[in-house]
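Below you'll find the structure I mean.
The first chain written gets the first letter, and so on, giving A, B, C and D; residue counts start at 1 in each chain.
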Amino acid sequence: MNIRTDLAVEAANMHKEVSGGIESILEEDNGIKIERIKITSEAAAEAVGKPIGNYITITVNDLSENNREEYEKACICVAKELKNILNIEESASVLAIGLGNGHITADSIGPESVKRLLVTRHIKEIMPEEIDESVRSVSALAPSVMAFTGIETSCIVKGVIEKTKPDLVIAIDALASRSMARLGKTIQIADTGINPGSGVGNNRKELSEKTLGVRVIAIGVPMVVDAVTVALDALDTTGATEEEKRVFFEAYKRMEPLGADMVVTPKDVDSLAKRSAMIIANGMNLALQSALGKEDIDRYTQI
Amino acid sequence: MNIRTDLAVEAANMHKEVSGGIESILEEDNGIKIERIKITSEAAAEAVGKPIGNYITITVNDLSENNREEYEKACICVAKELKNILNIEESASVLAIGLGNGHITADSIGPESVKRLLVTRHIKEIMPEEIDESVRSVSALAPSVMAFTGIETSCIVKGVIEKTKPDLVIAIDALASRSMARLGKTIQIADTGINPGSGVGNNRKELSEKTLGVRVIAIGVPMVVDAVTVALDALDTTGATEEEKRVFFEAYKRMEPLGADMVVTPKDVDSLAKRSAMIIANGMNLALQSALGKEDIDRYTQI
Amino acid sequence: MNIRTDLAVEAANMHKEVSGGIESILEEDNGIKIERIKITSEAAAEAVGKPIGNYITITVNDLSENNREEYEKACICVAKELKNILNIEESASVLAIGLGNGHITADSIGPESVKRLLVTRHIKEIMPEEIDESVRSVSALAPSVMAFTGIETSCIVKGVIEKTKPDLVIAIDALASRSMARLGKTIQIADTGINPGSGVGNNRKELSEKTLGVRVIAIGVPMVVDAVTVALDALDTTGATEEEKRVFFEAYKRMEPLGADMVVTPKDVDSLAKRSAMIIANGMNLALQSALGKEDIDRYTQI
Amino acid sequence: MNIRTDLAVEAANMHKEVSGGIESILEEDNGIKIERIKITSEAAAEAVGKPIGNYITITVNDLSENNREEYEKACICVAKELKNILNIEESASVLAIGLGNGHITADSIGPESVKRLLVTRHIKEIMPEEIDESVRSVSALAPSVMAFTGIETSCIVKGVIEKTKPDLVIAIDALASRSMARLGKTIQIADTGINPGSGVGNNRKELSEKTLGVRVIAIGVPMVVDAVTVALDALDTTGATEEEKRVFFEAYKRMEPLGADMVVTPKDVDSLAKRSAMIIANGMNLALQSALGKEDIDRYTQI
C-alpha cells in the first residue's frame, strides 16, 4: 500500500520492519517536540522511500489562539535547527526557493514564506558600502508551478543559479502527510533536497545537490492528506486485518465518487498556511543573519 | 449515526426506509442534472432531519477547464429554478444575505456571492427617476460570523430587516455534504430557509419565515465533508456491517489525531468557491431582474 | 475654496483667521507627535467646518522598515489617547464599526481594523462563566458601503444598535487629507462621531450621538488627497496670489482630464493601509480590555 | 523639466519642437481610439527620450459599468494590434514576462496578466501528442522585483531564456503617465522592449533584443502619475509662463511634504488594475493562438 507521505518520520514509522539504517531520536526543546530521523543506508532509504540524510521534524504547539509566546518559541526553534543543519560560513550566499502555487492556499507555504524573508543580495552587489559586512547575501525566488509557467520549476531554478551562483539553496514547499493531526503543525527540515515522487506526486523534478550542483536544504510543512489515508485510519480503529485493508485500498482507489480530488485539507487551511509561512520565514531570517534576534521577528515582510 | 449533511437529497437517500412524505424527481435540463425533493409530512421531515418544503439540487457540469458555455448554462439554470421557487411580483423587494466567514475560503460562498449582485435598493430609494420602474429593489448584506462580530448573525439580519422591510430574503451559505464528489459542484435551492443543526453545526440561529417574519429562500453549495464520512465510505466499500460501522463511528469520534478539525475540503477549494459564487450571483441577478439576459453575465461585481 | 480635509488640525490651520473658539496644543509622547485641537464655540465650528469637540492627531514615526519598536509605541500611544477620550466604566459595552469598502485598498482601514479586534460580546452573552468578569463586551461590524448593500450605512448601524444596545460606538474610517505627507501616517481620534460632508464627500449619513442615541468616538486615518490639493500646493510654492489661486481652482474643477477620479493615493497604499489598521486595532484592544498589555499586540486577528 | 512618462505618445506631444523623425497617426477601430507613433531617427529618439521603433497606444472606452461588449472589443483590439506587431511564424515560441510587484496594486499589471495566459510550452515539450500542432508554445514568468528577490529582474529573465530558448519575449509592465485621465485606460504596445529610466525610474535594467538576444515586445498600462505632473497641469490652466513653471518645478522637487512618495494613483486602482490585466491577457491569448476566438475570452485564468 503506497500511502503518500513526505514526512520521513511517518515513512519510518510505516516501515518498522526495517531492521537497520534508520536512527530515530525524540527530543524536547523549550516545550517543543523535535523528532530526528537519520537514514544511513541505501537499503533503509529504499525501504522507506526517502534518500539517505537527516530529517528534523518540529511540532509547534497550538497557535490557534495567536499565542505570541509560543509563536516566538517556534520561530526560534526553527532558526536553531536550521542553523545547525545549514552549517555554513558567514560569507556563504543563500538562494531561497518558495515552491508551489501561491494561488492555492494549501500549496502556498513556499511563496508565502519567501515574501517574508530579509533579502540582501542586491544591496551587497550594488551598494556593499551601505551594509555591514557580516550581513549574509540572501536572494529569494518563487518560481510558481509548471501549469502556470509552462516551464519545469527545476529548469527556472537552474537558470537563476547559473546567473547568481549561490553557495546554498533552501527550498520551501507544502507537503503531504498521512496524519490530519500534523497538518499545519509540523515543520520538516532535511538536508536531502526536494525529492518528489515520494510526496504529493507533482511532476516537478528533483531539486538536490545532484541536479543543481549546490547543496539543497528542504523545509516543508504538511498541508494535505490523501483521502484514502483518512479512510485507512478508520479501518485501523476497527481492528481490520492487513488483508482487509489491502482489499479496501484497491477498492477505494477505484471509487468513482472521490475522483481526482482525493487530497483533503483542513477547513482552517487559510490561517494554518499563513502561520506556517511566518514561522519558516522568521526562522530562516534568524538562522541566516547572525545580527538578528527575537525582537526582529516579523520585521521583514513584503506587505 | 449522525452523518452531517445539509443536502436534502443526501438526507433522503440516507433514509430510504421512510415510507411516505418524500417525493423525489430526477430531471435533466439542457444537460444539467436536477434533483427535486419535496418533503410533505412532519413524520418524513423528522425522519430525514429537514423541514417540510421544496429542495432543488442542481449539479453543474465540470467547469475545471473554464468552459464558458457550461458556465453560462449553469448560471441560466440556477436563474430559472430560482425564479420558479421565488414566485414573486416584479415589485417585491429582496434582501440577499451572504452568510459565512469570507476569510476562510471554504466558508466564503455567501460573502463572495453578494459581492457580485446587482444592488439597486439605494437607487430606487434615493433617485427613483434614474432607474426603470421594472428594476427590482435588491439589497445585500454579508453579516460575517459571530466569532468576529460578537453578535448572532440572525440578530444582525433582524435589525436590518426591521429597518429596510424587504418582501423576501435570499440567504446564501456554504454547506456540508456527505460526498466529496458534490463539493463545489452541487447547488441546493430550498424554500425552507436556513436551519443549522442539520448542517455544519455552527450555532447561528435559524433564518426562516418563522424567525424573520418574511419568506426565506436558501441557496447553498457543499464545500466541506466530515472526515468521518470519508472513513465510513471506506467501510462501506469493504462490506462492513451496520454494527461494525456503529462501533467504528463511536471509536472514530474519540480519535485523538483528528481532533476538532475533522471537516475536510478539496485542495482546489479556492477555485471551486469562486466559481460557485459566480454562478449563484449571476443566477440571482438573472432571476431577480427581468431585463437582464445571458449577455449580462459577469457584468456586476464589486471589483 | 473648499479644500477637502477630514483632519481638524488641517482645517484649523486653514482658518487661522478664526479668532476664538479653537484651542490647539502640540505635545510629544515617547517620541510620537500629538496635536490636540479643541473646538469650543459654534462660530469656530462653522468657520472650520468641524463640530464642537475634541480632536487628537497622532503622527506615527516612519514604519516603512517594519520597525517593531516604533510599531508597538504607536499601538500603545493610540491605546492611551483612546482610553482617555473614551472615559467609560469597565462594564460599558462597545460596538466597533469598520466603515468603508474593504475591496478598495485606500478605503479599507475600517474593515481591516475590525478584523483584528478582540470580540467578546457573544461569549459574555452565551457563556459568561467562561470569561473573566473584567473583560469588556466588545462587538464589531463592517457594514460595507451603500453601493454594495443598497442600504444607507447609518441604517444598518441603527438596526444593529437597536438589537444589541451598546453603551458606546467606535467608528473607524479612511479619511481625506490635504497633505500627502500625512497619508497613512496620521491617526485622528475625535469625540464628535463621523460627519461626512466635511470629508471625502460620500453620501453616507452622520454617525453621531444625535443620530444613533449613543456616544460615538471616531478613529480615522487619511488615505487620499484631492488632486486639486496637490495642484494648489504647487501654486503656493510659486507665490501665487489668493486671486490667482481662486481663478485656478475654478478652472481646475472644470478640467476634463481629471474627471471624477480626482482623489489620489500614494503608490504604497497597500502597506500603509494594512499597518494603520493594525495600529488602530491593537490600540483599541489595549484601550478596551484592561487585562491586555504590550505582549498581546497582534494577538487577535481573524486570519 | 523632466516630466516622467512611459508613453511615447505623451513624450512626442511634449516635444512638438522636434521637426522630423516622428510619424504620428490617429485612427479609430470599431469605436476604439488608436494612436500610432513611429520614431524613425536617432535625433528624434534622443529628443523625446524613447528608442527608435513603433508605439501603439490603444485607449479603451469606459469600462466602469462592467460593459461586456466594450470589454470584448478592447480584448479583440489588443489582440489585433499585437498580432500585427508580433509578426511571427505559427511555430515561433513566446515567453511572457509579467514585470512588477504583484503585492502593490498599482504595480501588479504584469503579474496579474501572466496569471490569465494560456500556457502551453510544457504540454508541447512533455506530451506533444496531446495537443494540436498549431498550438503555439507559450511560457510565462512573473519574476517579481529586485527588492524581494535580491536579483536584477533582467538577470532572472536571462537565466530562464538561456534554459528555454524562446523565439520572442513579451514583457508586460505598469507604466507612468503624465495624465491622470490615461491611468488604467490606455494600453501601449511597443516593439522596442522595456527601457526604464524613461519611465518610473526603478533600477531594473533594460529588457531588449540588445540585452536578451531575442526580440522583445512591450505591453504597458499607465497606473501612476508623478505628483509634480498634477501640479504642473494646474499651472498650465492658470497660464503660467515656462519660466514660472521652471521655478516652480525646482521649488516643488524640494518640497518636504511630498517626500519620496510623489507618485500618485487613482482611488479605484484596484479595479483598474484587474480590468487592464484581463484585457492584456485575453488580447495576448487571442493574438498568440490562432484557434482561439471571442468565445474563449476569460477562459484561461489560474484561479
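Note that a contact is a pair of C-beta atoms (placed from the backbone, for glycine too) under 8 Å apart; a residue touches a chain by one contact, two chains touch by 3 or more.
In this text the structure is predicted, and so the values were computed from the model without any measurement.
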Next on the checklist: Going by the touch criterion stated earlier, list every chain that contacts subunit A and also contacts subunit B.
Outcome noted: C, D
Checklist entry - More C-beta pairs touching across which pair, A-C or A-D? => result A-D
Checklist entry - Any idea how many Å lie between the Cα centroids of subunit A and subunit D? => result 37
Checklist entry - So how far apart, in whole Å, are subunit A and subunit C when each is placed at the average of its C-alpha atoms? => result 42
Checklist entry - What positions in subunit A touch 2 or more of the other chains? => result 103, 270-271, 303
Checklist entry - When you draw the chains as points and link the ones that touch, which shape shows up: line, ring, star, complete, or other? => result complete
Checklist entry - Quick one: in the complex, what on subunit C touches subunit B? => result 101, 103, 114-115, 119-123, 126, 137-142, 144, 146-152, 155-156, 158-164, 203, 302-303
Checklist outcome for this item: In the complex, subunit D touches subunit B at residues 65-69, 270-271, 274, 295-301, 303
Checklist outcome for this item: So, in the complex, the side of subunit C touching subunit D is made of residues 103-107, 179-181, 183, 224-225, 227-228, 230-235, 237-238, 240, 244, 247-248, 251-252, 255-259, 261-271
